[in-house]
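Read from first to last, the chains carry the letters A, B, C, D and E; within each, the first residue is number 1.
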Amino acid sequence: MEKDSKDLFNSTIFLIVKFKGYLVRKLARNLISIAIPCLLFSAIHELTEFNFASSFSLPGLLGAALGVLLVFRTNTAYDRWWEARKVLGSMVNICRHFALHIHMQIEESENKKRLFLMLKAFPFVLKEHLRKGVIFEELTFLPDDILEQLKQWQHRPNGLVRMMLQVIEHEYERGNLSDFQRIKFMEYTDNLLVVLGKCERIHNTPIPIAHAYLLKIYIWIYAMIMPIGFIDQLGWWTFVPVLIIYYVAMSLVIIAEEIEDPFGHDPNDLPTDKMAHMIKGNIEEIQYKQPDYQVVV
Amino acid sequence: MEKDSKDLFNSTIFLIVKFKGYLVRKLARNLISIAIPCLLFSAIHELTEFNFASSFSLPGLLGAALGVLLVFRTNTAYDRWWEARKVLGSMVNICRHFALHIHMQIEESENKKRLFLMLKAFPFVLKEHLRKGVIFEELTFLPDDILEQLKQWQHRPNGLVRMMLQVIEHEYERGNLSDFQRIKFMEYTDNLLVVLGKCERIHNTPIPIAHAYLLKIYIWIYAMIMPIGFIDQLGWWTFVPVLIIYYVAMSLVIIAEEIEDPFGHDPNDLPTDKMAHMIKGNIEEIQYKQPDYQVVV
Amino acid sequence: MEKDSKDLFNSTIFLIVKFKGYLVRKLARNLISIAIPCLLFSAIHELTEFNFASSFSLPGLLGAALGVLLVFRTNTAYDRWWEARKVLGSMVNICRHFALHIHMQIEESENKKRLFLMLKAFPFVLKEHLRKGVIFEELTFLPDDILEQLKQWQHRPNGLVRMMLQVIEHEYERGNLSDFQRIKFMEYTDNLLVVLGKCERIHNTPIPIAHAYLLKIYIWIYAMIMPIGFIDQLGWWTFVPVLIIYYVAMSLVIIAEEIEDPFGHDPNDLPTDKMAHMIKGNIEEIQYKQPDYQVVV
Amino acid sequence: MEKDSKDLFNSTIFLIVKFKGYLVRKLARNLISIAIPCLLFSAIHELTEFNFASSFSLPGLLGAALGVLLVFRTNTAYDRWWEARKVLGSMVNICRHFALHIHMQIEESENKKRLFLMLKAFPFVLKEHLRKGVIFEELTFLPDDILEQLKQWQHRPNGLVRMMLQVIEHEYERGNLSDFQRIKFMEYTDNLLVVLGKCERIHNTPIPIAHAYLLKIYIWIYAMIMPIGFIDQLGWWTFVPVLIIYYVAMSLVIIAEEIEDPFGHDPNDLPTDKMAHMIKGNIEEIQYKQPDYQVVV
Amino acid sequence: MEKDSKDLFNSTIFLIVKFKGYLVRKLARNLISIAIPCLLFSAIHELTEFNFASSFSLPGLLGAALGVLLVFRTNTAYDRWWEARKVLGSMVNICRHFALHIHMQIEESENKKRLFLMLKAFPFVLKEHLRKGVIFEELTFLPDDILEQLKQWQHRPNGLVRMMLQVIEHEYERGNLSDFQRIKFMEYTDNLLVVLGKCERIHNTPIPIAHAYLLKIYIWIYAMIMPIGFIDQLGWWTFVPVLIIYYVAMSLVIIAEEIEDPFGHDPNDLPTDKMAHMIKGNIEEIQYKQPDYQVVV
């Protein structure tokens, strides 16, 4: 789909100012830690007889290894981000199916209303379970007894699903659900737990520390060796290209670190809050929309 | 499968004119925003004593980082485009299964006809739901009462599926469908919603803003630094290679932006309109083709 | 698995002659369209005072962008080819399951024979449906009434599957199949349609025109700019390296175009004809092999 | 999700010391085996008339091939590590579903308690089965008779699953489980075995020896040829860049070897012990949390 | 998991001798076919006035295209190898499930024993079906009548599965299996055929001939053009770097050819024989381990 490109020009300049500002703040200390040794090198080179200048081939070779690791880091971080998005997308689908089948197959009753409420609560419980714990202020639409029970669970999504299953079993025992329908509803609750498990996996698994560490170390070494190639030509200005290269490489690393765990509140994170409200709206439309379609007999 | 290569030569030249024209229009402002500073640099270099010229290694290094991001951008955009195509392809499959089983397993009745009509409407509703909202002029083949109901829904595909489910439940309650058949039909409607959910995911999720922004910024920086390497040799012509490189890099970005959300009306978007009509044709052939195959007893 | 490498040497030289001949034929016009301007440049350079020669850095930078696009093009084309192969492989599996279960679960009858015949016909119908339409000469093993019916369908694979389903429903209505068996057979026919739908998707979806066009344009531009780097050294021979580079790049493009729609008759296409006959043989062995294994009571 | 970047600077320097120390220890012998010939080359170059120095293009070309293999090695190792993580994540999901359905669908009995205990034991049995054999000290929560039986099995996870199935069959025969429920429980045990099989596959399959060997050989050759390019400029210091390049390349190889079989006790391995305890906690909360949600009648 | 790195140093040198020896043997003819023209070039250059030497840029450009194809070739070959390993891993899982459910759900009888025997035979039949045909000496544990029947089939795995299905149908007809159990067993046999079909696909599908041929041709051309860059400096020694580069590139190609069809007896192939025996051992432990776990009533 075509984006409006008319304001690309303006926005580009705006973005440079805004976005670089954001990254520069994050990288401020690192940039200073690079700039100081650079200036030191320049001082030694300019003020003493000592000559660093040499062929530039070593950084070139190191650069290839760095390139490999940067591609790798960017790809794996993005893959996790996109997998997280897919998992949340499948939560949307499951909630819609589940709501449609509650609406169609369970008789009007207090139980039915409560099942709808629990389903609406699930995305809210999930998103905060992945942050710092469920925010009960968001769940005030739940009846008090359900809220009370939920508060007693350590692993709250498990608790919510156990309550859903209890309603379903109860309807089955009262003869309102056939074996087939019960299996179908059990599949939906199982799938809600699968969504949860996948989110937990992405949230709790950092990439292998070796990759995370090595990359930063190599970028640092690279930045320290780089001046050898510039210093003869640039003298006191050596630190300028060094900082630019260091900044470009580290900005990719910082972004990778942000998006590989996309359940927080960063600008690059997924809009889990918006999704929870959207799902709630969808379920309510399925639940309340009147009149039902009149089947022709 | 072999393409006719005889007119490759002609078409190549034709394409350069046509396609580049399309991109040049889209990139016009950006190209100007690059050309002006370039000419300024040339002016300073040619008319004053100030000398920019230096070793060309910095852009070379930056170029590697740019290359990484361009590969990454092109791949992820294409992957989304191809995933969207797969999802739409699975909609074709589901509609064919669904139509075959409606034809085989539901008795001739007004309900049956209406279920076929709703199924035919689904691809039309889906494609416009992903644009600016359903176009009811395309759905005139639907009976008025269904149209009326549909108009009252905010999330129209959900509404259409709820109506389909109502017909199925009604047939089940009248004893025309067994438990097994009902489960099968419920699977088909669930899968239609899965298709919808996946399309919504691709449509609503831009790539992480960090990647989208950084790439444009780096291309711009790169284009601004590049003249250092050329200016000594090319003088006033410096802007030519700068524009060419900038244009090549940005054209990849523009294409990525177009294809990563492929549900619109761009030349690079998927032919969702054509597919909706093709599915309608397929369903109608399955529904109306006479006579049925006479089984030998 | 180890290949016999003894004749690699001979075959290598043979291949150069044979395979390059094939590609050279396909690229003849393009190669000429490159050679002529090259010779023109050489003429201007050698016979006039005008000097093109310059630093070679521009093509080098463009080359990186080209490399990105060539990797991308080769990978996506191969992925489609391999996906097509997987889909056809799953057709082999489905046909074997289907045949085994027809043999085991349906009583000897005219219907059973006809179901076997229709199953044998499916791969033939599918492969030609993806080319220029079903070749009825290949289907002479089908009874005339089935052939007649099939001819009346526009979308013949759909027609064939509807007939299969009619036989299955008939067996179910006569009480020869349980609910479970009917569901199982319905899954097999659904899966045959899934195979069909995936093949149609691969066959009908060209890659985004932007990628296809841009790549050719960039290769052409690249070939036109390249002489700047060579002309001083090579003079009249400039066109030799230009043609070699152009040929290498375009051969990758041509191969990508061939394999990304692998259902035709090209040397690089999948052996769909051989597979259809192999499936027919497999089904016949399952159907006719005597005696059945005598179960020990 | 944003990481706290304030201590990045400090940690970076700390990491260089710590992590490089770890790798340097692992690579000590290799580094010496590279340093000695390097010093020899320097000695010959400095002390004799013999001149190694030449154009640097050969290592450059070899470097590209090395780069290809390093990307490949890093990617495949990471893919295995991430696949292992996904498989363990699905074990978490299966254990939660299984526990919920045991809680909901099996009546209070000694059998039920024992089924819970076996399920809790599975992750412990699996993780040590992938190391040096089950540690029975971790399984003291199991009743003695189960422990005794388990000790008699060579393939202990199979044994544990056979016991689970026996409890399920027993409940089915006593009429406490319907056909549907039994199938569901059978699916869960099947899936536990799928998890096991996938872990065994990753654990038991080294990458093709050709890739593992060739890469090390090429890095070694590369390090031996490299001095040709440096020796003229650097003399006795030649060994410094050679060691750095060798170290960077080999560190990627060493990390790949560590993470491609991630079930051990390395710092880069997956936290299987922590996961087993976490699953045990989850199951116990599902099993014991009181009171159950009171369904409104 | 950490590998013991102490003997890395020794093994590295050992490997160079051993593994390179293996590859050198395979590539001997090719290497000679490259060395002879190289020496010829050197002779012409050294003994005549004719001067080949030129800028080195052409091989550099061709090298990029070669790099693209080498990455691509290595990746696709490895992907096939790993997919084959996954498929065989799923065979392990299916055989374990199948054996557990035969043990649990079929009453002791001659039929049961024979079903176990057939299941044990399947991996042996599969692995040799993918080589040169089933080795009946490996299947002496099968009763004679089964062996006789099997010998009459062309497609032996299909034959074995048809016999398994006959036992299952027989048990179903005698009332020993419910509809649910029969469906479950039918799924297992279907999945064994899926494993078979996937192995056949990998075994029977060479990569597109275009890719296989082009790569070898380009490596050869590259090796022929390379001397232009070396000959001035190296004279008679030109053939040394040419052979090294050619050897490195071709060794990647040879390995790709070996691992992309991993069902043979090569050192890089999958251990299918060992797996067949391991599965047999697993099945026997499940079948014979006594006593069964005593369920507490």
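Following the convention adopted for this analysis, a residue touches a chain if its C-beta (ideal position, glycine included) is under 8 Å from a C-beta of that chain, and two chains touch if they have at least 3 such contacts.
The model shown is predicted, which means the values in this text are computed figures rather than measured ones.
Participant: Which chains are shared contacts of chain C and chain D?
Facilitator: Per touch definition, common to chain C and chain D: E.
Participant: How many angstrom lie between the CA centroids of chain C and chain E, rounded to a whole number?
Facilitator: 23
Participant: Between chain B and chain D, what is the gap in Å from one C-alpha centre to the other?
Facilitator: Each chain reduced to its C-alpha mean, chain B and chain D end up 38 Å apart.
Participant: Could you list the positions in chain E whose residues touch two or more of the other chains?
Facilitator: Chain E, residues with two or more chain partners: 71, 180, 258.
Participant: Please classify the inter-chain touch graph. Allowed labels: line, ring, star, complete, other.
Facilitator: Per interface graph, the chains form a ring.
Participant: Can you list every chain round the ring, opening with chain C and moving on to chain E?
Facilitator: Listed round the ring from chain C, with chain E adjacent next, the chains are C, E, D, A, B.
Participant: Per the contact definition, I'd like the list of chain E residues that touch chain D in the complex.
Facilitator: So the residues of chain E touching chain D come out as 1-3, 5-6, 8-9, 12, 15-16, 19-20, 56, 63, 67, 70-71, 74-75, 78, 81-82, 85-86, 89-90, 92-93, 96-97, 100-101, 103-105, 178, 180, 184, 229-230, 233-234, 241, 244-245, 248-249, 251-252, 255, 258-259, 267-268, 270, 281-282, 285-286, 289, 291-296.
Participant: What part of chain E is in contact with chain C in the complex they form?
Facilitator: So the residues of chain E touching chain C come out as 26-27, 29-30, 32-33, 54-55, 57-58, 61-62, 64-65, 68-69, 71-72, 76, 109-111, 114, 145-146, 149, 152-155, 158-159, 161-163, 165-167, 169-170, 179-180, 182-183, 186, 189-190, 193-194, 196-198, 200-201, 205, 207-211, 213-214, 216-218, 220-221, 254, 257-258, 261-266, 269.
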